[in-house]
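So that we are looking at the same thing, I have put the structure below in structure tokens.
In order of appearance the chains are A, B, C, D, E and F, and numbering begins at 1 in each one.
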Amino acid sequence: MLVVTNAPRADVDVVNGLGALGVATVHEAQGRKGLLASHMRPVWSGARVAGSALTCEVAPGDNWMIHVAVELARPGDVLVVTPTSPCDDGYIGDLLATALAARGVAGIVIDAGVRDVARLAEMKFPVWSKTISAQGTVKETIANVQVPILCAGARVSPGDVVLADDDGVCIVSRSEAAGVLAKARAREEKEEALRRRYAAGELGLDINNMRERLKQKGLRYVDAKDL
Amino acid sequence: MLVVTNAPRADVDVVNGLGALGVATVHEAQGRKGLLASHMRPVWSGARVAGSALTCEVAPGDNWMIHVAVELARPGDVLVVTPTSPCDDGYIGDLLATALAARGVAGIVIDAGVRDVARLAEMKFPVWSKTISAQGTVKETIANVQVPILCAGARVSPGDVVLADDDGVCIVSRSEAAGVLAKARAREEKEEALRRRYAAGELGLDINNMRERLKQKGLRYVDAKDL
Amino acid sequence: MLVVTNAPRADVDVVNGLGALGVATVHEAQGRKGLLASHMRPVWSGARVAGSALTCEVAPGDNWMIHVAVELARPGDVLVVTPTSPCDDGYIGDLLATALAARGVAGIVIDAGVRDVARLAEMKFPVWSKTISAQGTVKETIANVQVPILCAGARVSPGDVVLADDDGVCIVSRSEAAGVLAKARAREEKEEALRRRYAAGELGLDINNMRERLKQKGLRYVDAKDL
Amino acid sequence: MLVVTNAPRADVDVVNGLGALGVATVHEAQGRKGLLASHMRPVWSGARVAGSALTCEVAPGDNWMIHVAVELARPGDVLVVTPTSPCDDGYIGDLLATALAARGVAGIVIDAGVRDVARLAEMKFPVWSKTISAQGTVKETIANVQVPILCAGARVSPGDVVLADDDGVCIVSRSEAAGVLAKARAREEKEEALRRRYAAGELGLDINNMRERLKQKGLRYVDAKDL
Amino acid sequence: MLVVTNAPRADVDVVNGLGALGVATVHEAQGRKGLLASHMRPVWSGARVAGSALTCEVAPGDNWMIHVAVELARPGDVLVVTPTSPCDDGYIGDLLATALAARGVAGIVIDAGVRDVARLAEMKFPVWSKTISAQGTVKETIANVQVPILCAGARVSPGDVVLADDDGVCIVSRSEAAGVLAKARAREEKEEALRRRYAAGELGLDINNMRERLKQKGLRYVDAKDL
Amino acid sequence: MLVVTNAPRADVDVVNGLGALGVATVHEAQGRKGLLASHMRPVWSGARVAGSALTCEVAPGDNWMIHVAVELARPGDVLVVTPTSPCDDGYIGDLLATALAARGVAGIVIDAGVRDVARLAEMKFPVWSKTISAQGTVKETIANVQVPILCAGARVSPGDVVLADDDGVCIVSRSEAAGVLAKARAREEKEEALRRRYAAGELGLDINNMRERLKQKGLRYVDAKDL
């Protein structure tokens, strides 16, 4: 089992830029990849984070490696934890969150359970998890830290950009992040324009010239009184 | 595939009357039918809506028909969307919500996913969905709009009354709505009286004369010290 | 079927002491037992309760026995309801909650559904349930009240201490409660000390002398540039 | 609550014709409607049935109405049972299956549980269910028999054709059944021809002239050595 | 953590008697208690076992205690394994099954995963599990063996009778087993008589005199042509 | 969207060697990685396959790309299909299976639904899927073929070795396959020796010298009569 030190981090400006745009926009802009499964939900409503992935495998029911990850943490990191087989235990509570926050960690994404969630909300410490559970864990089995992992159906490498908000969690690979940011900003502008048109009552059917293609596909309009 | 225009709407006064009473009371009053499955949850807590059903089928991973539905929308409609096979993608985000709100649509009920939920909450636009997902959709496949559909285990026809609140979603058929309103009001009055008696410490066992029937069924009371 | 009257209650001071410490701490302190399954969630965020278990079996789709339980309720009880086979119906709404609150019941834990949840939140009446559903129930079938039950994977006897908060629900047996309180207080103190050290930037690896054991297990550190 | 006697049955020849073609072919032929949710599985592998729907609602945990349905059963009927709220209890065992078989019932479709499944397999009595459970039921609450119902997400009216095999369960409305049979036979012939061409190594890309359209959509071919 | 040696076993004749009757009949006969959740399914179809419970807790992802349990096994035991928090790993494969079979263990009930299931079927070694998974486990954490446990929602004490077949798994407490056997035999006789009457075409409505009570409950019969 | 032609294949001898050993043994031998989620089950019992991965993405409810994949298929390939968002539709039936078999494809692994499963079993064509569903798909949306994909929680690259049997599905990367084969054979030999010792009644506790370590961890043995 391996712990990789001094893994690269994502560029802070790019992270912040992507964070300002949010999960839904960035996910679209990068071609709909990198989205974690929809069971990953924020522990408190309104949480929002962007950071550099600090990846951590854990054995089922065993949070030992999270202590190893804490030491590697740098300000702006988002800890991304995946169990080596599915587990709903509460791997992280307010103590570990305190330790992570003290190292400048910006948030946690974990495909398992967390606990002390009332406290996490008070701390305004952003956490996305599969479930909430008071079930504690042991410290007996080692696993890899800061290696590429699969988390909730997405691939995460150390230093990838992690974005999370009320819509879920999305990963942008470090090498593509600057390009994705440019595309996401372009998309955001386009969407803002579209939003104004929609708000003014314009129809998607007209804006996107959909009527002809719908007709070709065979869509028929019938008045209710003629049925 | 068919789009039905000028489908009838529910009576506004009846809609408002039912909306004031809420899902649980109306569902009981109409004989416990029309309830959508309990996986249909409000995207933001405290959402509440009543309106006339604007029904819309969509293909899995394809939100094209929602654009068709927008054109048909009238003030007071609630858009009810069902995928032709189960799908958790985020069919609707803040753009489509803006377009729908601009047409006066009062809310959305969708047996699939939605996204931009932080924005939907800010807009105070009421949405009930199966899940939350940033996963976008395509526009390739047509389906029916404003025809009777099955949504989350309930039958919904265009113009049926759609009620939704923190307890879930309930459908009242247009033809029965006025009668159901009368029954629901009667029930509400009865429940209010009951509430006062319960609050004063009266027992359901006495109010409903249950003791004799419980005894006949074989219920025995034993003091703990005699066990 | 049996209703046991005058079942013992937990000691009020012990209940309050445990309630102040919360589910996660107490669950750890008693050796990680008594936790209900993680599908048991509070109906409104921030709910928190501690009390003496008033246990109640119900048939699927049938809430008759809850009326029987109301009569047995004493101030400080927490009603714990389990269906004899899995059911998601809304067994309890604001009427029964009103009746229970009038008898001084402190909260409800039910491995099934509840309804009128907006009202329950307004009443600040704490409820943990498996789901939320407007589906009502009948009153036809009897079951046991105030006997030992299994609820959401845990054993609950009348008079056991029931603790519930945003982390879930935990049961402490009445006979062990005083001892568990002592252990939980000791744990809380220890955790508070640890919290301060973590907040100051100390590492779990150092505090717990983990480095040597990790090495023995075979954990290797490699610098990213040497990969 | 209503029991409808002398409800119409589907035409036997049409039933047999559809039964010979199977669920997947018929479902396609009727425009992909009428399919029950995929959680409906045969209790024993290889089961296959076609018949006329005998519809039956049941309360959760209560199989009383099935006894009422038995009396209404005619040879060739398929009993279709739906609980009024979700329930996994074992509503039907070998006794009720014996009673149904004695009346000539051809099989059972139930969106709940069944038991005595080893015996049902020995009897070669075809049953599709949501689950298998030994949990018995009571006889306390009435419901409707031989009225239109919703079962596992599909609408079923008395006398509709019920088809079920290892692929699941599909409903064909009685009024459309003859037309669907004609379309399904045409489809079967077309598929048989296609099967021969595929077996001979022909490609769907060529048979359906897909290459041009794929190119227009933007599909690019790249040799692995050029990546 | 505790390992209890020389725990009592169930009476062999009673075990065999109950085993001959099967899960569904015995569960009914003992008042519908002791049934494990319906997610417990046989690994190979047609498996059937009756024996004396050898109970074993395991940590998530850790099968160490099963090795401890093997030493305690006696001929006729059924190993009953429960993880201390939910886990789907494959705790037991053909090696452990071989070791258990060598000690005379009659079968396994485990609320987790197993592997090598093709081999288990070849060995005709009966196993009921929550899932099938090739995921292996570690040997790091201890737990209790031969103490009362909760398994898949039921309480199991060492020496209780474990019955399992295609309908699921049922536990009969050792102290009640002889009485339950007598009741179950009586039930079986009654059911056999009923089976003959049903097979002869008699109706449950008549045999159980249900018509009057159905009428009192409000059930109405209407001929389809009068609707 | 990209289709990669002439992607490398795994070495046939290595594939056959791994196939002879099975999923559970190979998964252990390669350090417990590459296992697909346990919801991936064989469509017919006893199916078993080993081959070279032919990877294929599909849009939800759209099987167009499978036709593209058929053309690329070579004898010994196993088609591995993943939807770009979760979908349970029946993407593949006997027609596509016929086309694939005609090209020499050895089997299918699909994280979605399949249909015509009775026919697939007759054809002895091995298929692992998430579910069984008669729901058909459209041909409107393109996706990538023969690129690295994520399928049911595992990473699969074109030419990786795919192993599947009754225990599930495991992926071995092409570059590591020969090494894994050597390790797996060594493991198999060691397990065979162990199997003989277990069959002879030896205990894991003795073979693995576990008693001392269990004692150090705090495991205590108590005779039942001393409790």
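Observations on the model:
FYI, contacts are C-beta pairs under 8 Å (C-beta built on N, C-alpha and C of every residue); 3 or more make two chains touch, one makes a residue touch a chain.
All figures in this text were calculated on a predicted structure; none of them were measured in a lab.
In this structure, the chain pairs B-D and D-E differ in their number of contacting C-beta pairs, and the larger number is found at D-E. We define each chain's centre as the mean of its Cα atoms; on that basis subunit A and subunit E are separated by 42 Å. Note: centroid distance subunit A to subunit B, computed from Cα atoms, is 30 Å. Touching two or more other chains at once are residues 32, 45, 84, 86, 88, 133, 135, 141 of subunit D.
If each chain is drawn as a node and touching chains are joined, the picture fits none of the line, ring, star or complete shapes.
Residues of subunit A that touch subunit C in their complex: 1-8, 64, 67-68, 70-71, 88, 90, 93-96, 98-99, 101-103, 113, 115-118, 121, 131-136, 139, 141-142, 146, 158.
In the complex of the two chains, the subunit D residues touching subunit F come out as 22-24, 27-28, 32, 35, 38, 41, 45-46, 48, 165-168, 170, 191, 194-195, 198-201, 203-205, 208, 210, 214, 217-225, 227. Every residue of subunit C that touches subunit D in the complex is listed here, in rising order: 59-62, 84-89, 133, 135, 138, 140-141.
By the touch criterion given at the top, residues 32, 37, 84, 86, 150, 153-155 of subunit A touch subunit F in their complex.
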